[in-house]
Structures are given as C-alpha cells and as structure tokens.
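Here come two complexes built around chain A, the first alongside chain B, the second alongside chain C.
== the complex of A and B ==
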C-alpha cells in the first residue's frame, strides 16, 4: 500500500513538472493577431470543415473574403525561425505541424499552398521585423480581396 | 435557427449567417458551441455575374522578339522555365508561317477559355471546370493529375507540374501532380484589377497588342473593338466559342 502511494505521488510529481508536460502536449506557438471570437476550442474542432467550405467558395464562386483562408492562418500564426524568416511547413515548429505531428495527421495543403507569406510581406507578420497587429491586419485585408 | 451538429454548422459560413439573419449576433451551433459573427463584411461577393472575360490579341502589333507577356505571367504565377521538356507553359509565343506567301506572324497563345471546353468534358473528377464568368480553371483540390485534359485541349494549353514546388506565389497555389494552365489572372479579376499580368506587361512595352475585358459588357473596350474590327478565333472550325480572339493573324 505504501509502495503504491509512493508511486502515485511520484507520477503526480512527474506530471506536474514542466519538462514532462512539454514533451507530452503539443507546443502551440502564439499568434500575433486578435483572438478568434469563437474561441480556440471551436476552431480546433471546426477548421477542417471551414477550410473545405471556403476553398470551394474561392475556387468556384470567386469569393476571396472567406471565413477560413489558409493564407490568413499562416500569416497570423507565423512562427519566426532562426533566420529571421517565418518557418515553412518543413519545420516542426510550423503552426500546422505543431498539432498535426502530435495527432499524426498528414496534411497535403502545402504541396500547393505556400506555408508562409511571401518574402515581401514578412515584415508585416513578424514582430522582430517590425510587424504590429496593425500591419498584420492591413496584410490580411489586402489578401482577402 | 437550429443546426443539429457542430460539423453541419461549420458548413454554414459567417457570411450566410449574416445574410440570412441580419439581427443575429450569435448563433448556437450545438449545446455549448456558439458562433459569433464578425463585424465589417467584405465587398468581395464573388465573381461578376453575367460576365464573359476575354482577351483580344492583335498579332500585327506583336513583334517576334518580344516575350514580355510570357515573362510577366511567369512572375505573376511563379512558374519557371528551367529548360526541361517538362517545364510548365501557361503562355507561349508561337510563330505562324503562311505556306503560300511565306508571311510570318508572331503571337502569344494561352488557354483560350473555351465556352465549350473539351478539357472540362473529359475530366473524370470535375477538377477541370468553367467558372460562371467563363474562366476555365483546374480546381487543384480535386485534380488527380490524370492529364486527360492535356490530351483533349486543341491548343496544348495545359501543363503538368512535374516537380515539387515551394515558395509559391500566395495568389497562385500550385504543386506537383496537378495540371495547370492560364487562369486569366483570376485573383486579379476577383480583386477588381480589371486587367491581367500579360496585358499590363504588353501595355508597358508600348506595343499594346492585347486588350482584356468583359465581352458581354457592350461598354467595354474589348466588346467595342470586336464589334468594330475583324477578329477571329483560332481553330474556329472546332466551334468551341473561345474567350481569346485574335486580329491580323
């Protein structure tokens, strides 16, 4: 009985330690833009369906200002790499890979889509290059036209 | 409004919700899940209804040594010429020679945006499609790269992306295993630029050999030009109703 108590306590201590939790849960990078009004939980569940719906609207109906555009995802959620550029999907730090690696979901969006903004727009989306929520919003507005 | 599941709810866009229920600020999707509508709605309501986008190309004004339109297209869409047989070609300069007289003619040829596109007829997946405004596109989300459309196209307008592509232009997603062709700068049209990259480049050279516009709008430059001066379709015998017309070929 005492042995069991000790191991339970040890497990609890292990779970509480920051190092262990880091390895256990996906490390989701923080976005620069305003938070989603629907909440992150909602987006975690619904982003595939929204992206699917929005892509058809854009390709077939020519609607560019859609609810979920992959271009806006990778702009707001751009992660800076060691070379002062946003990382691409090649990097495990990319916002999409942060979770998809964790749940072992392979996505093929980035076989065709660029997984980051174009070089001319890096300054608008990376704080270290002078990006601000305003410059980000201006960029997002431009690309949704 | 009752929407049974979260999944179903996601299929209904914020735009739809805003349009149908103006006063509605929040919508319950499922117990505990609420979709709030953003403020400020967009201008872009999709393609121009009733339009028929087209190009008018005057071969008489197109010098053989000019390929500004081809370069502009490559830059705009991010396809590159690497000197390989498999290189994509969205637009190419073609020289025609009349056998009887020896008269030579140089002109750019790209997807002709057929009204009755054979590429759409043969596509087994529905990826090859014509938008309501006449622009013929490949929906790469469902293209399986079978290349039937490449075989069906009388103008050899389509290319297969044979290499992996990275750092695409964000306005032109393109990748290995799909087929592509001139999309009449659909992103520029939707944005309201009212022109294409090739036409802009042609005008910048001063040759002014190309006009872009809505053939269905009698007030547009292109509609006025085709109703005043003689123009023709390539391979008009096929009766495909092309969106791209030529003069002085």
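== the complex of A and C ==
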C-alpha cells in the first residue's frame, strides 16, 4: 500500500506541468478596453448573478440607470467576424458562446437582447474599423446616459 | 498543492474502484451455484430471463412488488442520479456530446429528485422503528455520504457557484495525465472529496448491488429444473458408483 502511494505520488509530481491547459481550455477572445478590476476568475463565477440582479433591478424595481448592461458587455467584448462585423450569438466565436458551449450551458439573453452593437457603432468597437480604447470609452459613456 | 493532492486522490480512488469492483465481479462470477434456486414464478427461457432482468434493472420490478414507498424513493434517487451523472459528462469530454447538452437542464433539476429520494429512504430508517432496529451504522453513513455529494453539488448549481471552466480544464487534464490547477472553493473541495471517498469505499460497501444484481442466482437463472438437470462442476467429477447401486436416478 505504501509503495503504491509513493509511486502514485511520484507519478503525480512528474505529471504536474505548467503547460497542462494546452488545448483543454476554450479559446476566449480578448476584449478591448481596460480589464475588470475584480479579475477574470471572479467574473467567470459571478456574471450570472450580476446579470440576474440587473434584470431584477430593471424589470421588477424599474431602476433603469444601472451601471452595467448587456449592451456594454457586448461592446467591449465584441469579436470580429470574417465579414468585418462583430459576430452575433449565432457564431460559436461570440464571447458568451466561447465558454458556454464548452460547458454546455444554454443562455436565453439574446432571444430579446442584441448580441452585438448597432451597425453605426461598429467602428467604435472593432480595431480593424479604427476602433480604439478611447472610441470605445466614448461609446460606452454615450450608451450609459 | 491542493490540486496535486486531489489528483493523487482521484487516481488512487479510480484504481481502487476499478480493481476492487473487478475483483468482486470475478468472485461473483466464479462462485459455484450448485442448485437452481431461481425464485418462481420465473421465466422458463433464456430470453425471458433477459427480459425479466431488464424490467428489474429499469423498473425495479421486485421492489415495486414488495414495497411501494421504498420503490418511489429508490426510483427518484436512482434515476435522478443517473441523469445527474450523465450531465457530468460535460466535464470529461472536450466537445460536449449533443445529447448531454439536451439533458443538461433536466439534470440540473434532478439534484432535487436525488435528494428527495435519499431523504425519503433515510427517514424510513429513522422513523420506522422496525427498520431503525435493523439499520447498521453503514446504512446511515452511505446515505449521509450520498446526501453530502448531492447537497454540495446542488449548492454549486443553485447558490454559490464555482469556476466550472477551470474545473473542466482540470478534469480534462487528469484524463490526459496532466495535472493543472483546480478552483479551491470549499464546497467544490467537499464535493470532490466525498466523490473520491465514495469511489474508494464502493467495492467494500452495500453499493455493490450495482454489479451484484446481475449475479443473483435467484433472478438470473432459467426456471427449467424439469427440462434440464443441473449438475454442478464438482459433481461431474465424482468417482463411479460402487457396484450394485443403480446409476440412473431418472426412473
């Protein structure tokens, strides 16, 4: 028994390598703009609760001026498709689907909400159309008013 | 550090589960069955036995016939657990299978079926004096272990989430013998720890009814004692009878 334990431990030490996640994690597209101060891990765990909270504030309590809305999420996290336009939720490259497909979690946000900015604002959020962190910030300020 | 401890724990638990259950199954398969002890009324053909075992495994037929309350709770628990387990396949396959995706929302709810079934079965052991009297500590502890697993899992689904992206990456890594980092949320650690414990004690527990049901001679034999004489292996090698005793007993 002890021999078995020792050999398993040694094997485990051998296997623990920094490059473990290679090919095992979803391809999460980088967002433009400043990173969330809470960190990505925090957001991965808590974004459903935040979205539900915002929904309750808006729909039930009638508070419209919440800081964050899905509109701002999909602005910073817009992913450019092959046609020089942000992809919609139809595409597996969409920021939400990158992870949600990976763990088979279905969301119904985009049955009503737009999964990308309006066409007039594409230039503000896509680097290839001239979008910069500044133009993005200006856009975010405009839509949060 | 914690990730490595859990990795070792899971590798050990897997070895113990596979080897342990394998040894048990071997023992069951090689245990002599000298007599046809099938419980009648029983099917008189092999095909009939297969059909009866199918009903036993899928519908828990004999339990249904003996006790409706136990059947309801056992059925809730077992089917809830099956769907919950199938839902967990999403953590072990890089590209989640389509049918796992389909059952996923149902699997989320099935945590409650599991818990209801387990608590019902447990209540029976506590509240019914006759059953309380014959309950061993292991009966209660098995139920406690399963309730712990189901409750910690449901907590992560419904109350305090964990980073399932990293959980999946960690599990996929374990399957490829690459140990990465797992989230260190207390509830996740309790959940995984209890699962490893379950895997370890499975081969020495009452949960062996899972493979055992397929080796129960009172159910798996064909009721053909009249048509076919059953001679056990050792009886075939008996020395010839002394002179004067008639060899043919089929008078």
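Throughout what follows, the second predicted complex is superposed on the first by the 113 of 145 C-alpha atoms of A that agree within 3 Å, B and C clash if a C-alpha of one lies under 4 Å from a C-alpha of the other, contacts with A are read in each partner's own complex, and residues count from 1 in each chain.
Going forward, a contact is a pair of C-beta atoms (placed from the backbone, for glycine too) under 8 Å apart; a residue touches a chain by one contact, two chains touch by 3 or more.
These numbers come from a predicted model, not from an experiment.
Contacts of A:132 after superposition: neither chain B nor chain C is touched.
In the superposed model, A:71 lies in contact with chain B only, and not with chain C.
In the superposed pair of complexes, A:25 makes contact with chain C only, with no contact to chain B. Contacts of A:106 after superposition: chain C is touched, whereas chain B is not reached.
In the superposition on chain A, contact of A:46 is made with both chain B and chain C. Touching of chain A by both chain B and chain C, each in its own complex, is seen for residues 45-46, 49.
Touching chain B in their complex are the following residues of chain A: 37-38, 42, 45-46, 49-50, 53-57, 59-67, 71, 88, 111-114, 117-118, 143-145. Chain A contributes residues 4-5, 8-9, 11-13, 15-17, 19-21, 24-26, 41, 44-46, 48-49, 99, 101-106 to its touches with chain C in the complex. Across the complex, chain A is touched by residues 6-7, 9-11, 13-15, 33-36, 38, 41-47, 129, 131-133, 137, 139-141, 164-170, 173-178, 186-187, 189-192 of chain B. Listed in rising order, the residues of chain C touching chain A in the complex are 3-4, 7-8, 11-12, 15, 90-91, 94, 96, 100-101, 104-105, 161-166, 168-169, 172-173, 176-180, 183.
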